[in-house]
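Look for subunit A in each of the two complexes below; its partner is subunit B in the first and subunit C in the second.
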Partner chain A sequence: MRTPRLYLRLLGAHFRSMLEYEADFVILALATVLMQVVNIVFLAALFAKVPDVHGWTFWSVLIMFGAVALAEGFCSLFFDGMWSLAWQINRGDLDYFLVRPYPVALQSSSANVGINGLSNIVMGGIMIGTGLAHADIPWTPWRALLGVILLISSVVIKLSINLATNAVSFWLSSPTPMFAFAMHQVGDLARFPLSVYPVALKAVLGAVLPFAFISFFPTAYLLDTGQSRWLGLITPLVAAYCAGAAALVFKRGLRRYESAGN
Partner chain B sequence: MRGYRALIRATARAALAYRFNLLLGLGGVLMQLVALLAVWRVILADSPVNGFTWPQMRAYLLVAFAAGTVVSIMGDFRMAFRILDGDVALDLVKPIDYQRARFAEALGGLWIEVVLIAVVVGIAMALTGGVDVPAAPGLALFAVSMLVLVPLKFLIVYVSTLACFWTQNFMGVQWARLAVVNLFSGALIPLAYLPGWLAGAAQWSPFAGLTSTPALIFLGRVDGRHALVLVAVQAGWVLALWFGARLVWQRALRRLTVNGG
Partner chain C sequence: MPIVEAKALTKVFRRPDKGPGLGGSVKHLFARRFTDKVAVDHVDLSIEAGEAVAYVGPNGAGKSTTVKLLSGILVPTSGEVRIDGLHPQRDRMTVAHRIGVLFGQRTQLWWDLPVAESLAVLRDLYGIDRATYRKRLARFDEVLALGEILPVMGRKLSLGQRMRADLAAALLHAPRVVYLDEPTIGLDLAVKDRVREFFRSVRDEGTTVMLTSHDLADIEGFCRRLVIIDEGRIIFDGDLEAVKDRFARERILHIETARPAPLETLRASLPGAEVTVEDTPVRYAVRFDRFAMTAGQVVTALAGLAELVDIRVDEPSIEDVIRRVYSGELVLG
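On to the complex of A and B.
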């Protein structure tokens, strides 16, 4: 219990320092809301003229957009420091982390609070909620529980991909997380039904970097739409695999760390 | 003028050094292109929607990509960081006009953006099929519209970056701008798909000139006088924003505090 408690205290310290700049705080939170509103307007305008895309309606695509927003939001709000890992390695800041009796990855990821994450969680939650309310799902306690598990798994997958791709900075030694950011942008593709993409992209989003398990496969399973709906059931397994792989990549990378020297 | 030409040359040489900004600028627009191409290909496979056929939508998205990539790499980050760091003080003592100097830098980065556009558009056309090029007058007007787009986009980025004199949070301002531009320029979806009142507002806003105007001219969906009016609106916004930006700049300077050291 000590690890999560300390983690929240680390985050809390950054949160308090952020509150010093109240206007900046509000600007970032509102800008994120605006981005999601634009996404919703886009989807509404698109589906006003088109009934569905490969069987996917406005409400189901809204759920996928919401799932990506929610997973991203969770990562920004609680683990935004990961994005400064490249900088921390480049500057040799990891020296301090290594001598403290606390997991290095968690010290790195708690180095920042992305308040944009709060907006994304709220907007993502609203999008998923409205989408599910308009979907014709026979809710049972078992299905609701499964929905929650799928949601948690999708957040874990996003978090693991973020950690693994940012840990690549141990090898690239660039002060900016170029690789991780490029992969993050690839993840935006998974907001649309996977069936619209060519085979090569399906393989990338479904297996190499399983972004599709953040949004598409869980939604497909819950809504019982599309050809590969049962794949949504293995989302928790994919999450476990991703978390393990990310931990391994980080560990391997950390062994390569050789400070900045003076 | 010599000073500005030197700035253009210097930025052109430095452009390749800013790979991360390049990626930030290009990656999002590129992924949007891939996703929208895939989605529209499915939607328009059988029949046109709202008057757009698949080849037309493909051409529209490629023009949107080109328009989204132009003036996206060099300007805003460097300018924002210099304002936030206080280095802008050094720019102020130089005997050149600040706004023109930033415009010169944006022009310097153009070549790499044009190369990237050529590569991506070439690959996209090889994978999804070619596009119909409009007749000579339409093509000429499209070229003019793309040229006017350069100062227009620069000015919109420039004015929004001046917000750094009021807030520390450049990222928030940039995200808000990207979201507004994406919707109102028609980059995300052609304005014809938006509800009438929203499309009308977007049409006359400065943002329409960032994608919708050149794309519609390229598709031949507007012709003759209507096309000329749209380009005139585009050019009008360039003038308005050029002088408007000077007013914002004067006010911004009064906000400037630089900590000595």
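On to the complex of A and C.
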């Protein structure tokens, strides 16, 4: 329990200093809400023309949008420092991280608080809630618990992809996380039913960078929609696999760390 | 068992060979060529608990790289490091509790937090209990005058303030070994004195210290052992006083006489010494080997020949010796 408690301690230190910039806080929060509203307007316009996409209605796609927003929100609110990893490597900030008795990846990811994550979590929660309310799901305690497990797994997957793609900075010398950002953009595709994509893209989103397990597969399982709904059940396994793989990539990368000023 | 041990420690950095400008970068994408730079070359080093070691060398000699290897920040290309018998990467967490590191060029304080808050975060990371923490802070405060800088934001600290706070941060968890890499760089004299006094108090408490510095005044009177590195290799490892005895034997006695004295007579009276006239005809410099004659003997010899008005003895500093080693004039070992 020491590790998570200290993690909040590290984050909290930055959070307090961030509150000094109240205006930034409000503007960022509003901008994020606006972005999600634009997403919803776009979806509504799309579904005004077609009643459903391969069996997916407006409400079910809204759940997927919500799942992606929620996962992203958690990552920015609690692990935004990951996006500074390239910069930290370039400046040699990891020197001191490496001599402190705390995981290096967590020192890096706690270096920043993405306050916009808060509005993404709220908006994502609302989108998922509204979507589920319009879906015809026979709720049982078991199903509800499964829903929570799937949600946690999807956050872990997003987090692991972020960590692994940012850790690629150990091999690249750029001070900006361009590779990770490009992959993040790819992730946006997972907000739509996977069945609309060609096979190659399905393979990428389902296996290489399993973004589809953040939104599509778990939602398909919960809503009982689509052809391969059972895949949603392995989401926790995919999450465990991703977390392990990301930790490995980071560890390998750390061995290549060369500090700065040589 | 030594507390820090390095065996055949080697670090090679690989640098891309890029031509100038965008063209060079694009070309590099297709024809990848690299140059290997050996920063640390088969370094063997063994430091016993409680030792104070000075690690000196010219710019780019591999000092900082050695410190980063010995603290586990860099993974060696070959060779190995043991801290208290532990592997710095495999046992990183345990090693972290036993070592403290200060890089004079870079702070470990959080720029957006007051110093007190940065230190409190470190206290929690190292799991130091509050009573011990207060005791240590009070002790640091005595020498480093921390009190006045505790409420200051990291980004608003002057260089001297920052270094004092960083020293406290590096030693907060009472590490058994501390690496100080250029800890006085850019400081004014008053702060330097204070910081040096702090080093002494740390050493006297039995902490093993490895001090890397350009400022040789940092090491004189602090370290007994001197290690000199050049081009990644250790070219000397031994007793600092022995170096001085061996290579800083020469003394210069400056004298001023009431009236000009015949140089030939002075020279004749001091065989084995070298007498020269300085800026005015009444000032002379006598160079002699302090193991061949004493300053007293020189003065006695001269007093019989001329009326001495003023005398002064110059002792070469370790700085001169090391400078001569760097320039290749002296070969130690």
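One rule holds in what follows: the second predicted complex is superposed on the first by the 261 of 262 C-alpha atoms of A that agree within 3 Å, B and C clash if a C-alpha of one lies under 4 Å from a C-alpha of the other, contacts with A are read in each partner's own complex, and residues count from 1 in each chain.
Note that in this section a residue touches a chain if its C-beta (ideal position, glycine included) is under 8 Å from a C-beta of that chain, and two chains touch if they have at least 3 such contacts.
Just so it is clear, the model here is predicted, and its values are computed rather than measured.
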| item | value |
| --- | --- |
| Clash-or-fit label for the pair subunit B, subunit C on subunit A | fit |
| First (subunit B), second (subunit C), both or neither touched by A:I137 | neither |
| Which superposed partner A:V41 touches (first subunit B, second subunit C, both, neither) | first |
| Partner chain in contact with A:D95 - subunit B first, subunit C second, else both or neither | second |
| Of subunit B and subunit C, the chain that contacts the larger number of subunit A residues | B |
| Which superposed partner A:H54 touches (first subunit B, second subunit C, both, neither) | first |
| Touching partner for A:Y257 - first (subunit B), second (subunit C), both, neither | second |
| Touching partner for A:D24 - first (subunit B), second (subunit C), both, neither | first |
| First, second, both or neither for A:L6, with subunit B first and subunit C second | second |
| Shortest span in Å between Cα atoms of subunit B and of subunit C, once chain A is used as the common reference | 8 |
| Subunit B and subunit C contact sites that coincide on subunit A, given as residue numbers | none |
| Subunit A residues touching subunit B - in the complex, by the definition given at the top | 21, 23-25, 27-32, 34-35, 37-38, 41-42, 45-46, 48-50, 53-54, 116, 174, 176, 178, 181-182, 185-186, 188-189, 191-192, 195-198, 201 |
| Touching residues on subunit A, where the partner in the complex is subunit C | 2, 6, 9-10, 13-14, 17-18, 92, 94-96, 98-102, 255, 257-259, 261-262 |
| Subunit C to subunit A touching residues, read off their complex | 13, 37, 39, 64-65, 68, 71-75, 89, 92-94, 96-97, 99-101, 103, 105-106, 108, 110, 112-113, 117, 121-122, 124-127 |
| Of all residues in subunit B, those that touch subunit A in their complex | 19-20, 23-24, 27-28, 30-32, 34-35, 38-39, 41-43, 49-50, 167-169, 171-173, 175-176, 178-180, 182-183, 188-189, 193-195, 198 |
